[in-house]
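You will see chain A twice below: alongside chain B first, and alongside chain C after that.
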Partner chain A sequence: MWCRGPRLSTYQCSFKPRKAATTSEKRGGVANAIVGSLCLAFGASLLSFLLGLPIAFALQKEYISRRLAQITRLSLDILWGTPSIVYGAFGFIIMVYLGLRASLLGGIIALTLLMLPIMVRSIDEVIRMTPPELKEASYAMGATRIETTFKVVLRQALPGMITGVLLAFGRGIGDAASILFTTGYTDYIPRSLFDPVASLPLAVFFQVATPIPEVQQRAYASALILLIIVLLISVVSRLLSHRYSRHIIR
Partner chain B sequence: MHWRQIKDRLSAKSMILAVAFANSLVLLVGLGLLIKSIPILEKKSLFHLLLSSNWHPLRGEFGFYPFIVGTLEVTAIAMILAVPVCLLSAIYLSEYAHHRLREIARITVDIMAAIPSVIYGLWGVIVVVPFVCLLGKWLNTPTTGYSLLAGGIILAIMASPIIISVSLEVLRTVPIQAREAALALGTTRWEAIKHVVLRNAFHGILSAVILGFARAFGETIAVLMIVGNVPKVPTSVFDPAYPLPALLANNYGEMMSIPLYNSALLLSALILLLVVSAFNMTAHLTLMRVEKR
Partner chain C sequence: MPHISLSNLMVAYGNQKVLQNITVDIPNNQITAIIGPSGCGKTTLLKTLNRLVDLYDEIRVEGEVRIDGADIYDPKADLLNLRKKVGFLSQKPYPLPMSIHDNITFGPRIHRMNRKELLDQIQELEKHIPIDSLCPNGRQEETRHSKTHEMAYLVEYYLRLAGLWEEVRERLHAPAAQLSIGQQQRLALARALAVEPEVILADEPTSALDPISAQLIEKQFKTLKNHYTIVVVTHILRQARRIADYVIFLYLGELVEHGPAEQFFSSPRDERTRAYISGEIS
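Then we have the complex of A and B:
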């Protein structure tokens, strides 16, 4: 890809802020898309973490029966495999139902649907690795379930949780189909949750479809930035989990 | 009751609520799409919609046949290309390769899985499409390159990480003693793999392939960028096609003014959801059984 890739000038204008990158204009950068993508991915990560953590905790055998846990895992796996375009369409239905326009919030909702199963399943996998003896020791000291969960299980699961969150973040920031209808596209950096927002994957998608060579070059630049972000996240998650897993009791 | 106990009870209740939410989400998505696609199902029979190839939304004719055939063909090409390569590499990595090479391959596969689909799409536009165009010229079938074959190649690349990683996991669960027993009977390495390892891992590998199939079936953006998007039943691999996800991505959101069109598109989303979920469910149920063993 890089032989045709971005020229230096493309890099320089990537970070020119504010009114920047109309998909049809010859000048301009993609700062709006970078900021937009980060907003979307952070928002959706936060939301799906807050929703997902209780689900992952509940999958322990203290809370629900093994059978229900298996069923929940299965339905989460099915959700994981669901095409993101379906989430996009469903997110759009929700948005229409709530009376929202294409906006940052709509995008966050659609992305949350996409990221929730990834996050829950990866956190669940590491929680399951917690040695039962550790939990039993905690119960023997008279701790309640929630205290054990937060003080023993959470600490054990922390490195895995970081990996899970980053995995979901990486999936979310690169996904185009789920935000295709829900975020809109704009040249500006969003100021509130109800503003439309640009994003890197959609920037690539729209820019490469134009016949203007300058804009197409911007698509390569956007793709490179997106790729770097995703690879960086992958490397960071590997390093972090390696680093923190030293403190785990096996 | 003590405050600590109250906290425990409350948190347990809310967690169970969260689990209920997670379980209802699949149904909720399905139900939402179903309700929205009822208007078109009332007008026309599902059978007719699936088998008619007249796609004229403005005249109110919605035949999904070309799109369904397009999806199936592009996925089938992807599977034909991907499955042999992926299975052989998984077998090699599991049975022959040095463990360091296996680790490196695992990381590579993880990274491949993490790359966003729009980037695969862009790569397809830059590399695969010209390649297919050249191939077409060489074979005397003029083509723009935006074709079934190009889509299939990209989908094969995108589906391979999941096939390789799942089948590698499955192969690693086959106990080493099984291999040793076979080798002790005087089989060669390949015979041991063929008769013992693959036999043991058959169901798991099958579900790995199914997962790859489901992934390829629902893939949207990359396919949309390179498959050509012409709503006709393709006659050769060099013809453009128009898979269901691409149809949805291209038209949904803009055509809200025509209610029946909107409904038809959501029906296509529902079909997509049902097919992919059915495949995923089979695969995961099988994998759960493999895991238990």
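Then we have the complex of A and C:
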């Protein structure tokens, strides 16, 4: 029925809920992988944002010494450059330690580890671009450092922060190695954090090298959908950061 | 009694002393100009007066800075209150990343002033500078905001006080970043005034501005000095002559001479002052 490439029928199939396709079956779509990937990426983005934002703010010189900030930045840069398979392995260790099986939660933890350095460093960079005189203006009116951080620096850095968050999201949703051991793979859409979960990168990974053409096509479709999602993210990030840059001071 | 009195002030960045032996009283309700060649420590001196120098690493301050009798470098001193009392205007204006309206209300908001405090503050100020006197002739009925909307009234009052109201009245909720640089400087002034300081420090407040905007700021300072103590750093001698009542001359981190403007310019006592005024050193 749909043999050559990701035609419309692919997508129609994609959204038939619950039962999607096993890696070897000829019939079925990739809804399990789409939903799984979105769950993983949103979950990990949220978690790494919640963890990363305070860290990024704390790197300002008002909060910690310059030396400690430098060391932290250097470590984060190294972590940023670390191959994602290492995060996968590390996430797996944490998972085992916590007594979790391969699951959505395990994947979110591994992806969070991967995304956290990106999140912190990109937010940190936009915070550092805040003109010191702007902070000074706030302090000069008797604002505390918390007020200055949340009422002035946060607003000034908002457009850049959006870009940073979506950069991390894009990196996270496309990563295969970090979730290889931690999410498992399933034909079903996860019902809870403890269910195994399929994902687009792994859908590509598991299906592209089979001899069955239908299954291979499903891999290509997954790759295309992944590309489209990443493209959408970068468009959205541009729109959003443009929208919020009305107020920023150069 | 003077608000501000310095004795034996020494300021150093790390090992580099930039101010030494500064002893001077700054007169109340006058405009004091700090003048001197580039790099002589004018900005540093100004920023020691509301402890903005605290923001630099490795800064060292010795000696005494008394404001209303209290040593502001006392470890127990209330830093936030000091900065509320002593406002600061930087060389290049930096509007806060929010609307014009929110720039003005920023100070009152962070100091969590309630309705009554806001009204009291304006009423007190209006005794000295009534809002009618800030309106162009015959247009007094235009004060649109009644006192029942205290924030709106406060915004209008301080924008008028800074001479910016007429230009922005229709776009109070536009981003402050859209204003011209001259307007931004007057916005910065309005914003600083809204905290109701007693002293206003201004670091070359007109150097980034065109001559017309610069004139507006000077004019505003002359209006304000009846009610505030103003300290202005300037490297423009003519500006100091135009607006200063009292002059402090710094040279290489030392206080060379200070005195009432008239006497300072007409009969300087120190050789270096004479040379500086006549343009031999700069």
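Quick notes on this structure:
Just so we're on the same page, the second predicted complex is superposed on the first by the 243 of 250 C-alpha atoms of A that agree within 3 Å, B and C clash if a C-alpha of one lies under 4 Å from a C-alpha of the other, contacts with A are read in each partner's own complex, and residues count from 1 in each chain.
The working rule: contacts are C-beta pairs under 8 Å (C-beta built on N, C-alpha and C of every residue); 3 or more make two chains touch, one makes a residue touch a chain.
Values in this document were obtained by computation on a predicted structure and should not be read as measured data.
Once both complexes are superposed on chain A, the partners chain B and chain C fit side by side without clashing. In the superposed model, the angle subtended at the C-alpha centre of chain A by the C-alpha centres of chain B and chain C comes to 100 degrees, rounded to the nearest 10. In the superposed model, A:208 lies in contact with chain B only, and not with chain C. Touch criterion met: A:152 reaches chain C, while chain B stays clear of it. Of the two partner chains placed by superposition, only chain B is touched by A:57; chain C is not. In the superposition on chain A, contact is made by A:144 with both chain B and chain C.
Once the two structures are overlaid, the count of chain A residues touched is higher for B than for its counterpart among chain B and chain C.
With both structures placed on the common chain, the touch criterion links A:248 to chain C but leaves chain B unconnected. By the touch criterion stated above, A:90 is placed in contact with chain B alone, chain C being left untouched. Here's the short version: in the overlay, chain B gets within 10 Å of chain C at its closest Cα pair.
In the superposition on chain A, chain A positions 144, 147 are in contact with chain B in one complex as well as with chain C in the other. On the chain B side of its complex with chain A, the touching residues are 4-5, 7-8, 11-12, 14-16, 18-19, 21-23, 25-26, 29, 32-33, 36, 107, 110-111, 114-119, 121-123, 125-127, 211, 214-215, 217-221, 225, 245, 248-249, 252-253, 265-266, 269, 272-273, 276-277, 279-281, 284-285, 288. For chain A in complex with chain C, the touching residues are 61, 66, 131-144, 147, 151-152, 155-156, 246-250.
Within the complex, the chain A residues that touch chain B are 1, 4, 51, 54-55, 57-59, 63-64, 68, 70-90, 92-94, 113, 116, 120, 144-147, 167, 170-171, 173-177, 180-181, 201-202, 204-205, 208, 219-220, 223, 226-227, 230-231, 233-234, 238.
Listed in rising order, the residues of chain C touching chain A in the complex are 50, 52, 55, 57, 80-84, 87-88, 90, 92, 94-99, 106-107, 110-111, 175-177, 188, 191-192, 195.
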